[in-house]
Amino acid sequence: MTTDTFDGLRTHDWMRRFAELVYATEAELTALDQQAGDGDFGTNLAAGVSAAGPLLDRMGGPVGPAEPLGAMATAFLDEIGGTSGPLFGLLFQALSRAAAGSGPTLTTAALAEGATQGLAAIRRVGDASPGDKTLVDALTPAVAALRAAEGASPATALAAAADGAWQGVRDTASLTARMGRASYLGERASGIPDPGAVGVALFFASANGAVRALAPAPEPG
Amino acid sequence: MAGYFENGPGDLVPDALSGFARAHADLVAHDPVDGFFTARHSSAARRVGLLSGGGSGHEPLHAGYVGAGMLDAACPGRVFASPHNRQIFRASGAVAGPEGVLHIVKNYTGDRINFGIAAERLADAGIACARVLVDDDLASDSEGVAAGRRGTGATMLVEKVLGGAADTGMGLDALAELGTAVTSRCRTLAAASAAHHAPATGEPAFGLLPGELEYGVGIHGERADRTRSQGRVGALVEDMAGALLDALRPGPDDPVVALVNGLGSVTSLELYGIFGELGRVLDARRVRLARHLVGNYVTALDMRGFSLTLMVADGDTLDFYDAPVRTPALSW
Amino acid sequence: MAGYFENGPGDLVPDALSGFARAHADLVAHDPVDGFFTARHSSAARRVGLLSGGGSGHEPLHAGYVGAGMLDAACPGRVFASPHNRQIFRASGAVAGPEGVLHIVKNYTGDRINFGIAAERLADAGIACARVLVDDDLASDSEGVAAGRRGTGATMLVEKVLGGAADTGMGLDALAELGTAVTSRCRTLAAASAAHHAPATGEPAFGLLPGELEYGVGIHGERADRTRSQGRVGALVEDMAGALLDALRPGPDDPVVALVNGLGSVTSLELYGIFGELGRVLDARRVRLARHLVGNYVTALDMRGFSLTLMVADGDTLDFYDAPVRTPALSW
Amino acid sequence: MTTDTFDGLRTHDWMRRFAELVYATEAELTALDQQAGDGDFGTNLAAGVSAAGPLLDRMGGPVGPAEPLGAMATAFLDEIGGTSGPLFGLLFQALSRAAAGSGPTLTTAALAEGATQGLAAIRRVGDASPGDKTLVDALTPAVAALRAAEGASPATALAAAADGAWQGVRDTASLTARMGRASYLGERASGIPDPGAVGVALFFASANGAVRALAPAPEPG
């Protein structure tokens, strides 16, 4: 990636890259959920990005950054069940709404605002707190990083968000789950990172270029 | 390795739903766009539509219980994943009665979220909607589980009782209250000696050593929070039934309904053996076993395990349970 | 390894039988000495007692089909082993009507021998007895198998049809003739992607490589005579249904009854998917699918496979099939 | 074994030794049936000798050789289902009947006559011919050996019968089954000896002393 500007096209690319990353890591994500949950997280996330595919394809003509994010929101909220589907949908919806207010290119402020609102919605609906071993543990530090990056470029801010999210992923490994299916396992799920948290990290990491593995070090764009 | 009989990855559920729709076309109608099932016959006295749903892989739950005397609609999701909110919203609209629609929801985060979003949309559309949250699983009754007890085997009993009640013309709030009260008088425990095969890989979802048992599994093939040795089935059933009775404490005259439920690949021989052991435990404790079911009613794909559910059927519960029913999976 | 839920080796069947007896005490009576089941209710018009039996491990066959409109008695043997002749002799005596008793026997050497010895004893005791030999399995229809085609899934269809016929007051010879004619219009094929677990060891009775399928298995967990690759279920069902139709050649107006039967641990999702594929094949060949059943009707412990049975229901067969039935495993 | 005389006690011992041998080899017999049949032959045969146990126990006072053989016949014919149960019962019944006619000790002639009648009954009821890969393939040469042993002691005759039966067992391995469950396997069962035939060989082999394995060489008594 050579540009720091997130216009409609670049945001569209981001969503595409996220989709490819999900397909590439689907089996690993599912394996994580198998150890700590019911083994379908990879499938659910892949179903979401696959439902978004046609909507992204159909996006003819010049669009703003709100549109690709909105397509993701629609697909995840309307077509995908499970726990993670609508929660990811709420994040995309809030990001899309904030992007719509920020003009033809994404601003760091809009990203921070959208992610903050998304996190709030996810917590309202899912009722999880930080430390419960859910995707909230990745999204919370990601939001903090975006807010702290005020003044930096969106690409830099998103890279910081990815770093924060990966740190959150690492933290989940040592936690005992209190929410989600992993909570039924008690201590037995400890040592295993939360799959939903990994999904959040993948989302931010894919903003800045190709990510090849479930490693907590995104390639800078 | 035990490959699923399917056409390709992802085809398992959609192909099953269309086969089910054809097989039971006399009892249920299938909405091919939103993928829900509705009952072809329902009592004229019903003022509230009864709707349930959840991940697939628990058959005959829920679509098998759509029909006269039980559910008006069921929304099947992907394997072990809640249906999405649009599906629930549309199905609710299709079966809402003059007093609205009652959602019977198993307590799982995904189901709560998706049914919750659908309920908001229904309120928006002016359709009255209430919810019964089924949370019968004793194994998840712990301080550490903020999500609360899981919804498992009792779901079909609650659906049956509410079906009988709805056919008397009971209103929405009364049904919701009854459902909550009935649920609070149900507890379930499950154990498994082998995991289900994950559809994605054909491999067992987890491994167990010979003679080991997952004690306290749910219905999604997740491991339990502990492993114990399998031992004699009599001792196992005594432990399980004892824990259920300690939680429910039925009075000596309370009629109790027992569900001995296979999770998928336990044989009928074993289920009847388990029922025999349960009967002995209940007799010894002077519990009045009023009704019972033995078979595969709420499954976890092909998990090799079983669950025991006890329901204390006080008040009118037993009459509602006994009321006539005609669905693909339950008829009397 | 998947340990059976049992009290000890050898307890699986006796414990299951006593649990079954308690669970269905309203429909069946259990003789604790000779271990057979008899129906509590039977049509007054019946002049011939209907009796079947065979190895255990095929549940709900046979005891699940004892009751009004179907069997008067069933004799369960040990797992996969024929009942012994005394059991059959005593049960026959208990349910013989004024015109005697009809034995519905699956074609297996052990069953033929034990039912044969019992028949000699019945003749000796002056009780009229005739036999219908069920031999529907297409996979064993070969020059090399001197024992003839095995009896498998069609057994429950033949039992249902004969039950309906017996309730019209039909005599012994006419019933035997009808049963033989109906059997000759039935064929079955089965395939499995994993063996059952042997009760003695808890281990799979045989191994298969990933993606392999035993094509043409029976209901005792024996391997088939060949292995093929599993592939898409649509192609598999097309091959199986094609072979059945080639053997049966139903006329365009002949009503056909289809049984999509799980052998133990195939999921309900898969069975309905298979039914959908079967429906497509029959439609394409313009076969008239008049009735169908989808579920576990004739099993092989927890074998991961299914069988397809087609019955050409000419003459009165469909009426007898449709006649009311009330048994632990089948009711309409 | 030091005596060549098969009186009631020695015959009773023979039945006991056969039972012990069946228990000791039950798992191996079942494994054979698993490869070529439905995996229950060991269980079925063990059920038979175990049902005979109480009848043999109850046999108080002096008995002739017909009684222990008759106890086995009653148990197998009346209590044991499956294919092999009643067929073994028919063999025991014929041997018992012949023994009853031969006085207080078994004669070689009575053994030959009983086994001949037993084989005939088994073939009448089961409809198998030599070469079909069933226990008939072990019993046929055993009967021939007993008949050829005219004039020899019963112990010698029974040792010859065991040798003949083991030869029959070896032959079944190369046969393709036409009867019984193995016939459904076609060529796939070839190479595997027939379990029922092994059972017959064990019966004759146990007449002359302890047999420790499923090996076709009985320890001479």
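Just so it is clear, A, B, C and D label the chains in written order, and each chain counts residues from 1 on its own.
The rule we apply is simple: contacts are C-beta pairs under 8 Å (C-beta built on N, C-alpha and C of every residue); 3 or more make two chains touch, one makes a residue touch a chain.
Quantities reported herein were computed from a predicted structural model and do not represent experimental measurements.
Chains touching both subunit B and subunit D: C. With centres defined as mean CA coordinates, subunit D is found 73 Å away from subunit A.
Between the CA-based centres of subunit B and subunit C the separation comes to 30 Å, rounded to the whole angstrom.
Between the CA-based centres of subunit C and subunit D the separation comes to 32 Å, rounded to the whole angstrom. With centres taken as mean Cα positions, subunit C sits 54 Å from subunit A. Inter-chain contacts occur between A-B, B-C, C-D.
Per the touch definition, subunit C reaches subunit D in the complex via residues 55, 77-87, 108-110, 113-114, 116-117, 139-140, 142, 144-147, 150, 198, 200, 205-206, 218, 220-226. Those residues of subunit C lying in contact with subunit B across their complex are 1-8, 11-13, 15-20, 22-23, 56-57, 59-60, 64, 193-194, 202, 208-211, 213, 230, 232-234, 236, 264-277, 279, 292, 294, 296, 299, 301-302, 304, 306, 331-332.
Those residues of subunit D lying in contact with subunit C across their complex are 27, 30, 34, 37-40, 42-44, 47, 77-87, 125-126, 132, 176, 178-181, 183-188.
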